[in-house]
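Order of writing sets the chain letters: A, B and C. Residues in each chain are counted from 1.
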Amino acid sequence: MLDATQPVPSTDSLETLVSQEVERQLGAIKQELADLRERTPDNRLTMVVFSGDLDKVMASLIIGTGAVGMGLDVSMFFTFWGLSALKKQSAKRHQRDFYQRMFAAMTPDGTQGMGVSKLNFGGVGATMLRKMMKNQEITSVEELMELARESGVRMIACTLSMDVLGLTSEDLVDGLELGGVGAYLGDAAKSRVTLFI
Amino acid sequence: MLDATQPVPSTDSLETLVSQEVERQLGAIKQELADLRERTPDNRLTMVVFSGDLDKVMASLIIGTGAVGMGLDVSMFFTFWGLSALKKQSAKRHQRDFYQRMFAAMTPDGTQGMGVSKLNFGGVGATMLRKMMKNQEITSVEELMELARESGVRMIACTLSMDVLGLTSEDLVDGLELGGVGAYLGDAAKSRVTLFI
Amino acid sequence: MLDATQPVPSTDSLETLVSQEVERQLGAIKQELADLRERTPDNRLTMVVFSGDLDKVMASLIIGTGAVGMGLDVSMFFTFWGLSALKKQSAKRHQRDFYQRMFAAMTPDGTQGMGVSKLNFGGVGATMLRKMMKNQEITSVEELMELARESGVRMIACTLSMDVLGLTSEDLVDGLELGGVGAYLGDAAKSRVTLFI
């Protein structure tokens, strides 16, 4: 109803008025959308590769390259035993103390020397798995690693594990990122898929 | 302020104006909603069952049946050692080469022959665990497997692992789905909970 | 256009008009927002700690305390071998049957007696890891456990595992929660990050 004692808006100022009123009333919804957006995962998959077993590292690489192929961003955090997968085959020895040198001597440099998680029998199981993959014309773990890196899988070496094991970035293959638990959690908290392998 | 030189809108045209402005401002919100919807997980839980250890397979089945009971859709991808859980007890041997026959001989057919991941002592640990579960009147792993399947847990056998290990669908129990890493990632990327066991 | 025969709205009636139109057009959107909100994860990280290995328990504690430091709510569900981490060092023995007593005798009480998941050599590996952490001035696993609990990480002992292993709450450290698979899934389904360790 027209109330002659109140000012009546013109079309221009009315449009502004309507716009502002709509904006105001949508405020709560926009706020909620912003809140949901903050907690909605990005198109990302993040793995901790804790294991240094050939079979598990292989599984992580198959998942990682598959995910990149489906358009997901992929972060792989290699920590503890998993760091072996990133070691240069002819790693220089930076290990400072006795225990670090022992660990280095007992863990492989790169994927070549890795055993499998079960029935390894001092390397027989790993050799068998490699033969079985080859017989089925399935990409080797070294090729998978190369493929993953070329296809844009981010590979991050865990700095805390490097400190414990006495590894420096010179012991690891080139082109890696280094990061701690904060970097991991930053990626993981924005991921659709999070795995600990 | 009323500006007599400008047209003043009627209630009808005002309603149109409001309607259009609401529509316009909602456009961006609808777009963002569609974007969030695409990245918001479905009511789903997806597991990779990589392990062939009795204790871990049991844990995965307890989580799977529990999740179905809470109204979640559940997908379990059995891969590598985990495939043992799906093998027929009297699996015909389709293994084509020496290594595949070796692996088949050294891994159990079904859950009956599985060991535990620690302190197995050639099967003693597994027997102990089974006795302890029975003494507490807890469902056996075979019953859990049956329960999971009856309650609608989707069980998918990893086709890549089947190729490596020389297994065909005839070696596995009936009623399974077969799928590769793409099928896994499709489910995982829409899941609230993703685990690698 | 001004239609002199129709009333022109006041500011008050404009608000009502906008309100009604927004409400009308928003119905479906509000419904969808409510639906998305239900499936959007909270600011939470949930872990199953199934392993009783020193290295894996340590990794879970580092992730847990790191996540609390970044403002996430953290739930750690200790199950099966993982329950060892929660046992009192001088646990009274409530194990009712032979197998439970055997298991209790063969698994450590608390983190002190834990081995590492690889190269343990009857405890040598665990000792090495502890020395290496100490040499790098990295917090011990016992301090990490304390830190995690003080910083508000929720630690839940799996009741089903406790039944199987014959453990009562008196065997475990104080201040824990007890919960089953339902409690786990309730937390996991609302989490940004879900891990099985």
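Definition applied: a contact is a pair of C-beta atoms (placed from the backbone, for glycine too) under 8 Å apart; a residue touches a chain by one contact, two chains touch by 3 or more.
Remember, predicted model here, so these are calculated numbers, not experimental data.
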#### Entry: Classification of the chain B:chain C interface as same or different, half of numbers criterion
different
### Message
What rotation angle takes the CA atoms of chain A onto those of chain B? Round to the nearest 5 degrees.
### Response
120
### Query
What whole-Å value do you get for the distance between chain B and chain C if each is reduced to the mean of its CA atoms?
20
#### Entry: Junction residues of chain B - those touching two or more other chains
7-9, 14, 18, 22, 26, 29, 33, 36, 40-41, 194-196
### Message
Give the list of chain A residues in touch with chain B in this complex.
### Response
7-15, 18-19, 22-23, 26, 29-30, 33, 36-37, 40-43, 45, 55-56, 59, 62-63, 66-67, 69-70, 72, 117-119, 128-129, 131-133, 135-136, 138, 192-197
### Task
Quick one: which bits of chain B touch chain A in the complex? Just the residue numbers, please.
1-3, 6-9, 14, 17-18, 21-22, 25-26, 29, 32-33, 36, 39-41, 48, 50, 52, 79-81, 96-97, 99-100, 102-103, 106-107, 160, 163-166, 180-182, 184-186, 188-191, 194-196
